[in-house]
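Naming follows writing order (A, B, C and D), and every chain is counted from residue 1.
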Amino acid sequence: MLDKIQIAKRIAREIKNGQYINLGIGIPTLVANYIPEELEVVLQSENGLLGLGPFPNEEEVDADLINAGKQTISMVKGSALFDSSMSFAMIRGGHVDLTILGAMEVSENGDISNWKIPGKMVKGMGGAMDLVASAENIIVAMQHCSREGKSKLLKNCTLPITGIRCVRKIVTDLALITVMPEGGFRLLERAPGVSVDEIKSKTEGRLIIEGEIPEMVF
Amino acid sequence: MINKTVPNAESATKDIGSNSVLMLGGFGLCGIPENCISALLTRDLHDLTCISNNAGVDDFGIGQMLQRRMVRKMISSYVGENAEFERQLLSGELKVELIPQGTLAERIRAGGAGIPGFFTPAGVGTEVADGKEQREFDGKLYILERGLIADFALVKAWKGDTAGNLIFKGTARNFNPLMAMAGRITIAEVEELVPAGELDPNHIHTPGIFVQRIFEGKNYEKRIEKRTVTP
Amino acid sequence: MLDKIQIAKRIAREIKNGQYINLGIGIPTLVANYIPEELEVVLQSENGLLGLGPFPNEEEVDADLINAGKQTISMVKGSALFDSSMSFAMIRGGHVDLTILGAMEVSENGDISNWKIPGKMVKGMGGAMDLVASAENIIVAMQHCSREGKSKLLKNCTLPITGIRCVRKIVTDLALITVMPEGGFRLLERAPGVSVDEIKSKTEGRLIIEGEIPEMVF
Amino acid sequence: MINKTVPNAESATKDIGSNSVLMLGGFGLCGIPENCISALLTRDLHDLTCISNNAGVDDFGIGQMLQRRMVRKMISSYVGENAEFERQLLSGELKVELIPQGTLAERIRAGGAGIPGFFTPAGVGTEVADGKEQREFDGKLYILERGLIADFALVKAWKGDTAGNLIFKGTARNFNPLMAMAGRITIAEVEELVPAGELDPNHIHTPGIFVQRIFEGKNYEKRIEKRTVTP
């Protein structure tokens, strides 16, 4: 089983040199800490910044410089600032190469639900619907099952949808999975100590297992 | 050069009446028009519609307008971090229209730019698409979204000049330049107001044509919602 | 009869304090020279400038600073520069208060033709179609008749249309005319030495004459 | 930070082939990508589609590409000032699609911003509306226009950094930032190329995400089409 840090580390290995990346709130934000140093990538913050840096030192904190999670941040060299319409022009126009975000459910055809639970206070979708409708390359970070033990990798999403046919890969505490273009969760890697059978039993949607499934190494 | 200067927030906002549609700049508490909001809080206003990406926190920003029951409807992309908001919403006192953030930004820009409608992929296949025209372009589905304008747009900039030209700082820019375009009356408050001619014309983010009133604000608190530092 | 300078001077009197104004090529450009000094107005150039100043001195000429007619220009204090989409956002969004442009023909319901003559090389509409489709307040500067003596104030335009129902006022060498919301050219002023009968005979569209028509004074 | 630097115009443009769709920044001769055009002129190219507000003059800018019969189609708002252009057009060698300037600008921005279509009032009641969907919003007529993208966008900026961030000067900005957004490959030539980190992030007009290749141009002629001075 992977902890949150390991999920972030495994996702970080999917990053390629030269990518512009948008990281969602939660585990995705942690990914920034594990991007291999030899890669040149740029993080986009949808509230208007390209070139997100680490959290600032106490004396560098600037109320006018926050990320989309409203945390104070710093900028790396070569950053650019812009307004919200320009920010989503980048996202909608397909200029952001990789989007990493959390989810409540993913369906076997790549639909994602991550913004609304009926009966609970709805806070809003923020930029998630724009991101999932536009990105060519979406990786989801989430737990394989809910706290109640219900699979979150489903045949069809039960919660209100955020976007359709958009998720490319999923990293959970149990596995690395890719969503096939024709549908279906194809198992690529197992978390250390997790068996294929366990993943099979905890995946409600169609799981595709071909050949030997390697175990992740950290 | 046309002079847009007014003395202060009170005079700038004095003709904002109940039932008005307002746009308020800012993302979270970053780049919000603090002085204009403070001026509105002294007035007996009700049934405002507020278009703003977020709704402030309980005791700051639009949250204070909610505390005083001034707002009938919020049009936002994300409205967390606000207990009073939740209470009013559940009790039915407050209506909320949630819009994907990029669609909200583009609708405001479109309204200001005289574009009554545009197609976007955001929300296809979701409840956001309900009741909206859907159309395929080049094999991909899109929905038709409408331009948005407001009676008053309240924006906050870093520097401004008497001609209404604005320059923003950092991520405090966010929705402010878009809303400046989309207000029938746009009121800009700035941290530093300079005479026309002192700002480099190449650096201006919002040209003065979009701004009807400008004043130098005071006592900016610039509250930080989530102070996060590297130890 | 008015010469071009006088047409420009007469149009300049229509300008109100605080207006943002777009001036077309030709006579409209001349209007800038006759705006009363006590008025604060701002000239917009659709290639990306608010705050058009006079032509520069020889030593101030900057290849990176031209107007929409491609002439070198200067900027006044408080100018702003922007890209072409922002420029037409101003125009299309109704933020420009007054548009002054030339025309080949105007119809009695306010249609304008000024971009294309069939059989002749067509250079393009430039920004004219955006301007006439969007502006609330359009004043046309033109000769009352063509060189062949044909009226240019018509029942219907004969040349390809640039925009429909958009012209508010017309200043010609003979008259100041307003286009009525319900259609028709209402005569407001005569050029010095020009009779109502002459204007009537040279206006093909419906001319509305009510009461005494004053003569312009320069 | 990602480094977008390439040595020169020749290397930046070497994969531009015949039949490509190009966008070229500039208004008249102001802000045109002189170095990229010069590099293309050394190549044996034909049947290019050029999207540019204007078509240069006979011996400068896109006019030189026309002289060498490289262009099959121009998409522009105004194409005067060019005798060879007129000759090729009348002879049928060259096709021209004329688009209202504001529509052209917005179509390019839309293409870059992932918006496949939008409604504009420009051209209603004219031949520009022929064959296009027309629709009424709030009592006014509009036509549907499509987003535009290009295989390559060639843009010229004043300053740029190695991350591809661009700053324009004066009215040489014009279509350049829009085209930068709309190129599958965007090539930026700049008068001064500086290391990433030397440009103020607040002053950047085109964020580097839109630029795939950047180089410092040389020998800028910056020809003036109509030198006009106050005596």
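Note that a contact is a pair of C-beta atoms (placed from the backbone, for glycine too) under 8 Å apart; a residue touches a chain by one contact, two chains touch by 3 or more.
This structure is a prediction, so every number in the text was calculated from the model and none was measured.
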Common touching chains of subunit D and subunit A: B
Furthest chain, CA centroid comparison against subunit C: A
Which of B-C and C-D has more C-beta pairs touching across its chains: C-D
Rounded Å distance between subunit B and subunit D, as computed from the means of their C-alpha atoms: 33
Subunit B-subunit C separation of Cα centroids, rounded to whole Å: 36
Mean-CA-position distance for subunit B and subunit A (Å): 29
Contacts with two or more other chains, residues of subunit C listed in rising order: 49, 81-82, 85, 88, 91-92, 134
Shared-contact residues (touching 2 or more other chains) in subunit D: 106, 109, 113-115, 120-121, 168-170, 202
Arrangement of touching chains [line / ring / star / complete / other]: other
Complete list of chain pairs which touch one another: A-B, A-D, B-C, B-D, C-D
Of all residues in subunit A, those that touch subunit D in their complex: 18, 20, 40-42, 44, 49-51, 75-82, 85-86, 88-96, 134
Complex contact set, residues of subunit D against subunit B: 106, 110, 113-121, 135, 137-138, 140, 142, 146, 167-170, 202-203
Complex contact set, residues of subunit A against subunit B: 45-49, 54-58, 61-73, 81-85, 87-88, 91-92, 111, 121-130, 133-134, 160-164
Subunit D residues within the subunit C interface of the complex: 27-31, 53, 76-80, 86, 89-90, 98, 100-106, 108-109, 120-128, 158, 168-178, 205, 222-230
Residues of subunit D touching subunit A in the complex: 1-3, 109, 111-115, 161-163, 165, 181, 195-197, 201-202, 204, 207-210
